[in-house]
Structure formats: structure tokens, C-alpha cells
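Dumping the structure here so I can ask a few things about it.
Chains: A, B and C, in written order; residue numbering restarts at 1 for each.
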Amino acid sequence: MTSAHLKTSTEVLSVRGLAVDYQTRAGTTTALRGVDLHVHRGEVVALVGESGSGKSTLGRAVIGLLAANAAPAQGAVDFEGTALLGLSERKLSRIRGRRIGFVPQDPSVSLDPLKRVGEQVAETLRVHGVADRRQARDQAVQVLERAGVDRPGLRAGQYPHELSGGMCQRVLIGMALACEPTLVIADEPTSALDVTVQRVILDYLTEAVAQHEASLLLVTHDLAVAAERADRIVVMQGGLVVETGTSRQILTDPREPYTRRLLEAAPSLGRARARTRSVASGTAARGLVPAEPAVVLGTVGLSKTFGAGDHAVHAVTDVAIGVRRGQTRAVVGGSGSGKTTLGRLILRLVEPTSGAILVDGDDISGVEGAELRRLRRRIQLVYQNPFSSLSPFLDVERMIEEPLRAFGIGSRRERAQRVAEALSRVALPQQVLRRRAAELSGGQQQRVAIARALIVDPEVIVLDEPTSALDVSVQEQVLQLLTSLQDDSGLSYLFISHDLAVVRQVAHDVSVMHLGRIVEEGPTDQIFDSPAHPYTRELLDSLPRWEP
Amino acid sequence: MTGDVTSAEEARPEPEPDDTGRFRPARRGSRRLSFRLDVWTAVLSFAIVLVVLCWIVLPGLFASGSPITAVPHDRLLEPSWAHLFGTDSLGRDLFTRVVHGARTSLSAAGLAVAIGLVIGSVTGIVCGFFGGRLDAVVMRVVDVLLAIPDLLLAMALVAALGFGTVQVGVAVGVSSIASFARLSRSEARRVSASTYVEAARVGGVRPSGVLWRHVLRGSLGPVLALGALEIGSAILAVAALSFLGYGTPPPTPEWGTLISDGRNYISSAWWLTVLPGLVIMLLVLSVNRLSRLLDRQIGVRR
Amino acid sequence: MTSVLAYSGRRLLAAAFVVWAAFTVSFVILYALPSDPVQMMLARGGDASLDESAVQAVRHEYGFDRPVIVQYFARLGAAVTGDLGTSMQTGRSVLVSIGDALPQTLALAGLALAIAIVVALLVSWAATLAPFAVLRELALGLPPLGRAVPSFWLGLVLLQIFAFQLGWFPATGNTGWRSLVLPAVNLSVPVAVVLAQVMIQSFRSTWTAPFVEVLRAKGLRQFRIQVRHIMRHSLAPTLTVLGVVTGAMLAGSIVTETVFSRSGVGQLTQQAVTSQDLPVIQGVVVLSAVVFSVVNLAVDLVHPLIDPRVLSRPLGRRRPVAV
């Protein structure tokens, strides 16, 4: 993956002045406004940008896989001497899969669920005349074997739903490479996979592409992934290429302000800002002995089992955690680790099977009815997906006001006053009061959700992946907002996340969760610098690394 | 919540907004054409529905003669400018009878939809919101009612209630309760399970408040759209039942009965069956078209 | 193997439940509602001198003088042994009457279903894949049109054109295949509407599925994707509405057989309602539930063959046995 052979290689793909428009309900939206892109033989080029930057559109436009509402692309796409734009479907279909492979975003929905895996691989070989009906079967098994699928003979006869996500992605990568293409386009190939699998799949993808001496166009939102894997990085924003350069140049010497902003925001690349600052509590300021703040929220032996008998799923087992007043406790783990269930248990949205939940020393694991409702003033929740957590029918004011009304706090005018205050605390302009969620950007939606949580002055806020549905730059802003809210009003957070980079930025203490149990916990620095449990090390290893 | 522990934890970035409408085989050109057709048919449908509504309110404005008095020397006249739809075997103007029949036919259909909509959606939303044993029992009954064809169920009800416009309306309405209940229940469940309703509960909103402010509001749209669609089906069902002879006794004009009367002259006087049927079809087509429009509007809001 | 057995067993139980429940629902509607079938029957018979003792006699004969709950269990007990009572009009056994009428209706429904499937396939295919926008819009417009047509009126129009004007087919009667054509066409319309709508919907949603994009990226052409992948995906939803469709055909046969004066279950029903012959009506309702259950049972048993995910879904983490 060095750039030494770059100069001698020839151009495989060249895109010049590519422009794509979409017809939508609201009118014409321009996705690409004149983009140039060049990929050389054997090169790995990463296409990096936030949502709406047009990076996926670019990847798809190359092989003519645009959505139905796209107007014909303008410009020129040249692939190994063939002009691809304006080529008939018949001719394009001979290039797709044969000379250009495609790896999709979400493997779990990208294979035909009603066909055996082997058949689907064989189909690729057959439509391109690489193998006849008989050979295709055997060759498909070989493709699976090369793709690192265990027991390929057995897997070939299975259906996609019987394979894990990572396994499906191996099949899809194997399929993309089956006909020895010269270019592979991978559209966010790992963003739908579990963190610990992501690295393995990316390793496999880049190795396989290198082995076949093919070029790779890697579309990703993650600058860190791009930095780690690519020879060159193309940064896109608003349908334009902002900056192109070698990975080293982009990371060490970004020329454009946008690239710099993106770098700043990328948590795993930015400076490690572990929150080891001393506690700025009142006692410390008065010169008293700076003591560890008290635990405001804790669990003891908390367990939750879904189902019973053979089908029982032990989602959370014997978990003890504590959130200190004015601090952030992060719970990290992969998907299926039980971290979200833990958050829901603490909010009493899921009934615990056993154990206690302590708020200021009171066990709340058994409270019911009106008492449970009163508890909502003390613990609040912010969801991962801000849009779905906001009612599509209410405007922002009524949404933020709702908890106040529910608790009968204040007169109408006082409530309006408090909503306005909450809005300014989350740095939103007062104009958004009359808007509905759909009219706000993702970052604004999450700010509204935070304002709604703040309005009842809770002691603890459970943040369930509060930034993972957001773009990196927005993610950074929301994290800063959360941090400054904590500094200003002494809020305590239980921060649930799969993203170690984000956790390092905001958490005072970290608990690592795996298969429903806390496997390790400690101060953030300790967890990151000297992880004790193998799973913690695995998680840390899955972070993209880039050393200049 | 179910035992599905993993799905909620999956953190995937949102798909790019510009890439949501993936490939569809329908090729270009279709979009513009279908848009033009959409506008035209919507306007036309609206006009037709408006005219028929006027027939109900002011039938005299459209047809001056009496729909009931026989005019012996005008028997079975073909359609002409004097008699737009021709005349029947008793010399009555068919157009006049169609105009006056609108009130009978459509009030039965309206009654039917009202019954289905109110009883069905209240049952469904309450069951969907509270769940539990009541929900399980009621939904079993609904499943069984759905297993019996609507028309057959309506006929059994007519057999029990007796013949007449009101009875037919009630029968059609009762036989549509199940579909309303099924839809509104699933909508109520969908909304109840949605994150924003949970967020409201986390915000301390009482169950009654959640039901009124969120669940009812969220599920009403699709239910109303079904109600609009059901108007068309009800018009057809009422017409079918009165065609079979269970509606208003003669001489009151009623659309299904008109066609049934015309049956006897099918080989000689085509207009007696064809024209009233066309009116029914155009009206139902228009109502369905408008209901689809409503459905789409609601879909956009969701 | 256990999963297949458990799956089939549960479906079978559900089917039996539906039939029992339909019996109960129809009993509630017909007998428990405060109308007096005997009064109605005698009044219809033109018996002006409704003398009390005659009414009592008839009441006793049909068991209406007993408490409703007793009547229910008596009828249910009889029904389990295959006795659905006797017609109040003709005095014949309800089961025999339905049994006599059924073959005619089955032939009609069979032909109608065949026509409907062919039409629905043509329409849905044209609506998704026709090369011209005009053609697609035309095909898309057909199901809503079919939905709005009053079925009885369409039957009369068919009669007018093909029986009276052109004289190609007989207007009424049950004899010969020619008498079957017009009624079958008439009956096929509502069925084709349902099928075409489901197929169009399924074609369209499947075409937008992410895996289709991958198929295209693999280099598959449109026709192959449609035939090898899309069609199979639309088979499951199409089968699922088959239960609804058979119900629609039973209901449709009431109208169609009346319009074309054909004997069959539909006509039997129409006459039973006209004369308020409650046992026959109940028999037909139970029949519709039986048909619905049998069809759904068949569909449920075929479903796992089409979609391998079905078996592993309801029973948790079990995998299909055949690999």
C-alpha cells in the first residue's frame, strides 16, 4: 500500500466533470456538480465526505447504478478506454461484475434472501460466461473459500439469513472479485458491521483487492478508515471535490479549511482529550480536600433475561456500575453486548429480572405508577436517532414543553419562558420553536431532544449513542454541547456508545460491556492505556490507526 | 420490548438523503407523465364527487321532474336531450331517478362507513394501546370476521335485521368493522412502539396523555385514509345488496334497485342498466382516487 | 423435523379455531339477535292468520323455544357430526343442499381464478416493466378501475354485449362450458384486481430492495432479475392473499350466479337471504370459514418452501433442516 508504484501505473478510471441531478418532490437537487476523479491501476482511493456530499452518488454513477429519479449524468466517465456514460444497459451489464466489482454497504440486506449463497456466487460466474452451469457450482465454493468463509462447501448450500453479517460481507466481496475485475467500488463496506468485525473485513477487502491487482475505490464517511487504507484521499463536500491528495498530505498538511474541520472533528484522529481535569466542584473551589464526588446513580447485580428456557437470552447479567455526580460514565461494547438494554433497565423502560437500581441511594427498581412517573424528573434519556425520538406531529416548542405540562410545572407563560431558556442552553435559535422535527437538521433535532431532557432539571441523563446517527462535524458539536452543559450545571451522564474514540473524548470513567457483563472498568486513561481484559484490547485494536 | 437485543444497538450512519430512492425499473419519462395524469384525475375526481354531493342536497336543481310519477306514453324512450338517460318501463325519467337515488344510496353508504370507522377504530386503537388479554380476545374475533367475506357477512346481518336502506347500511358497516379494527390496532401498536412515544413516557407524560396526544394522533391518519377508501367499497356493497333485492322497496329510487329493475329490459333497453352503473363506477373511481390522494398526503407527514 | 411438525400443528389448530368461531359468530348474528325467524318465515309464507299455536309448533320444531345457550350447544353438537340443520324453506338438509350446489360454484371459481392469475400477471408485468411510460400508466390504472366497477353491473354489460348483441355465449343456465365463460370472466375481475395489486406492489418494493442493486452490480440484466429473483419474492405475498381471494370469489359468486341465473352456492345464498332461511345462511358462513381455513392452511404449509426464513422465524433460533 505504498505510493511508490504510483507514477508508473496507468489510469484505470477517469471521471471528468461529472454532474448528477435528482428529481425530488421539492424540485431538482444537485448531487454532483462537476467532479473529477482518477484511479490508477492497483491504487486504493478513498472517497471521503459527510452525508449529502455526493460520495455514494459518485461511486454509483460510475457503474450506472443511480436511483430512478436521477437525471442522466453529465460529464465523462472513462474506464479502461471505454466511455461508460450513455452506454446501453446491455453493454454496461457486461462491465458490471466482470470488470468492475461492487461491494455494498449493508451485507445483511444485499444478498437475495430466497437463494442459496452458493447459487448467488455461481450466478455471477455464469452470467459473465466465466463458468458453465456445472463448473460454476464448484468454482462458487472456491470463491467462498478464498473469501475466508469457513466450511465453504456447507455455506454454499445455506441461505443468507443463516450467515452472520461479517460472513455475508465476505461472500459479497468474494462475489465482487469472482470475475477478476480491474476495479472494485466499495460503498461504506463496513459501516453496518459490528466494530470488532470492521477491521477484519477491511483487512480482507484491501488484501484481496491487492492480490487481484485491482484498484479500489473506497467510499467512506470515516476519515480515519480512509487514512489507514488509502493511497490517495478525495475529500468531497456538497457535490464537489474539495481536496485531493495522498493520505499523508491530507492528514498532515490539509490545504482546505473543510478538510481541516473534518480532521478536527474525527474523534479517533483528533488529539486525545481525555477528561482528567480536576473536579471543578464547589468544595474544590473553596480549597477543601478535593474528594471523589458521590455516586448519584448506581446499579447492583442488575440482570435481565428475555424469554425463558432454551430460548432465554441473558441480555444483562449481574451488572454493577456507578455514575458520579457531575461526571460521565461511559458504557462501551459491540452490538449485542447488552449496553442499550442496560440503559433501558435504568430508565425502567424494561423490567429488570433481578438486582437494584439506586438513585441517590434509593432503590427504584420496584417503583410503579405515579412514583415511576415522578422518577422521570430525575433521570432522562437521549436517543440515538433524534428524528425518530421526536414526534412528527408536534412543533419544537410543544415537544420541549411536554414534560413541564406533564408534571404541571408553571403557568403557560412560565413554561414558554423555560422552553426559550432551554433552547438557548442547547444553542438553538428561537426561530425553531414553531418548526417540526422534519424541518430541522440532524444536529438540530438532537439538540431539541437534549433540550427536552434538560427541561425538567434531571440529575442524570442516559445518553444512548447520542451522536452515532450524526455526521462527524455535527457529532463534534453535540459532544461539545454535552460537555459544556455538564461543566455549567453539574449534570451526570451515563454515556452508552460503541465508539471508543468518542468515549475517550467525553468520559471520566469507562465500563466495558461484553455479552451482557461488565468485563472491565476504570478511569478512562487507564482503560485506554493499559487495558486488562482481552475484549477491551480487541475493541481498542479495532480503532483505525494512522501514524504519519 | 421484545427479546431483540441487538437491533437497537446497531449504529449505522443514515443513508445519504440523495441516494434513498434506489433504482426502479420504471424508466424516465414515467415520472412526468404520471404527475400530469395525477393532477388531471384528481381535479376530475373532485368535480365528480362535488356534483354528486349537490345531487344529494338539491336534487331538484339537476332534475326538475318527479322521480316517482309514471308517465305512461313516455315508456322506454332512448336517451335524448329531453331524457338524458332515457326513460324506464313506467315512463319515468331515468336521470331524475339516478339524481334522486343518490340520497338513498349514499346515505346508506355513509352510515356504513360511520359505523365501521367509529366502532372499528375505537376498538382497534384501545386494543392496540393497552394490549394484554382484552386485545388478544378482540383480535381473535376480528380475525374470524375477516375470514368471512364482507358481502356474505353483510347478507347474514341483513337476514337477521330485515330489509331496507338503513338495515343494509348497518349491515355493510358492521361487516367493515373488522378491517377498521385491524388497521387501527396495528397503527396504534406501531405508534405506541415508536421511539417518540417512549420519549414522551420518559418525559413523564401520563398514559392517558400518551393515548390522546400521541397514539390517537399518529394512528388517525391511516385510519381516515382507509375510511375514505371504504366509502367507495360501501357504495358498491350497498348497491350490490339492493341489487339483490334487500334494499328499499319500490318506487323509491335507489341505484342498485334501478339496475336490478333494468335487468328485465336488458335486451331491449340497454340504458336502464348501463347508465346508472356508469354513474356508480365513476363516483367510486373518483372517491377512491381522492382517498389515495389523502393517503399519500398522510404518508408524507409520517 | 420437530419445527416443521410444530409449525403444521399450530396452523391446523388455528384453522379449526376459525371454523368454530365462524359458526359461533353466525349463530350470534342469526339466532341471538332479537328478530323472530319464525314470525318472518310464516309472514313470508302469506299465512295471514298467524295463529299462536301454529307459531308455537314451528318454534318447537326448530328448537327456537329453548334458551339460546341450549340452542347453541345443540346446533354446535350437531354441526360437529356434520349436521348443519335443515332448510326452513325447502326442508332439505343444509349440508346436502350445499353439497349439491358446490361443484357448479367450484367449476366457476376455478376458471375465474385461472383467468384472474393470467390477467394479473400480464397487468403487473406491464405496470413494472413495459418499455413505454404510457403503457405502464395504462396498466397501473387497470386495478383501480376494476375495483370501482360494480360486479353485478359488469355481469349485465357482459350479458348485453356477448349474449344478446353478439350471441356468442348463452345468457343463462348451467349447461356446457360455454355457459361458464361469461360468469367466470365476471367473477375473475375482483380476483384479478386483488392479485394484480399485490403483485405490482411486491414487484415494485422488491425492485427497490438493496439486494437488487447488488444483482445489477453483478452484471445481471433486467429480464433475468425479474424472472430469477423478483418473481420468486412476489410469490409469497401473492399466496398470502389467496385466502382473501377465495373469500372474494365466494362472495362474488353470490352476485354472479344471480346475474347469470346459474345454480350454485351463490344462488343458494341469495335465495336463503331473500327467504330468511337462517340454517342455510349459517351453513354458507361456516362453508366460507372452512374454505378460508383450508386455503390458508395450504398456503402456510407451502410458505416455508418458498421462503426459507419462515421456519426459523417463529421458533427463535432454529434453522431449517434441509440444507
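The definition used in the following text is that contacts are C-beta pairs under 8 Å (C-beta built on N, C-alpha and C of every residue); 3 or more make two chains touch, one makes a residue touch a chain.
Please read all numbers here as calculations on a predicted model, not as lab measurements.
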Pairwise touch network: line, ring, star, complete, or other: complete
Result of counting contacting C-beta pairs for B-C and A-C, higher pair: B-C
CA centroid of chain A to CA centroid of chain B, Å: 45
Intercentroid distance (Cα basis), chain C paired with chain A, Å: 49
CA centroid of chain B to CA centroid of chain C, Å: 20
Chain A: positions in contact with at least two other chains: 65, 105-106, 307, 311
Contacts with 2+ other chains: residues of chain C: 210, 213, 216, 222
Chain B, residues touching no fewer than two other chains: 21-27
For the chain B and chain A complex, residues of the former touching the latter: 1-3, 5-6, 8-28, 31, 194-206, 209, 213-214, 217-218, 300-302
Partner chain B, residues of chain A touching it in the complex: 22-25, 29, 31, 51-57, 60, 65-69, 72, 105-106, 188, 191-192, 221, 306-307, 311, 313, 315, 335-341, 344, 347, 349-350, 373-374, 376-377, 380-381, 383-385, 388-394, 402-403, 406-407, 442, 449, 452, 456, 465, 468-469, 471, 498-499
Touch list for chain C against partner chain B, complex: 17-18, 21-22, 25-26, 29-30, 33, 35, 40, 128-129, 131, 133-134, 136-137, 140, 144-145, 147-154, 156-157, 159-160, 164, 204, 207-208, 210, 212-213, 216, 222, 226, 243, 247-248, 250-252, 254-255, 258-259, 269-270, 272-274, 276, 278, 281-282, 284-285, 288-289, 292-293
Touching residues on chain A, where the partner in the complex is chain C: 63, 65, 89-90, 93-98, 101-102, 104-106, 109-115, 123-124, 127-128, 154, 157-159, 161-162, 172, 175-176, 307, 311
Touching residues (chain side chain B, partner chain C) in the complex: 21-27, 29-30, 33-34, 37, 140-141, 143-145, 147-153, 155-162, 232, 236, 239-240, 243-246, 256, 259, 262-263, 266-267, 270, 273-274, 276-277, 280-282, 284-285, 288-289, 292
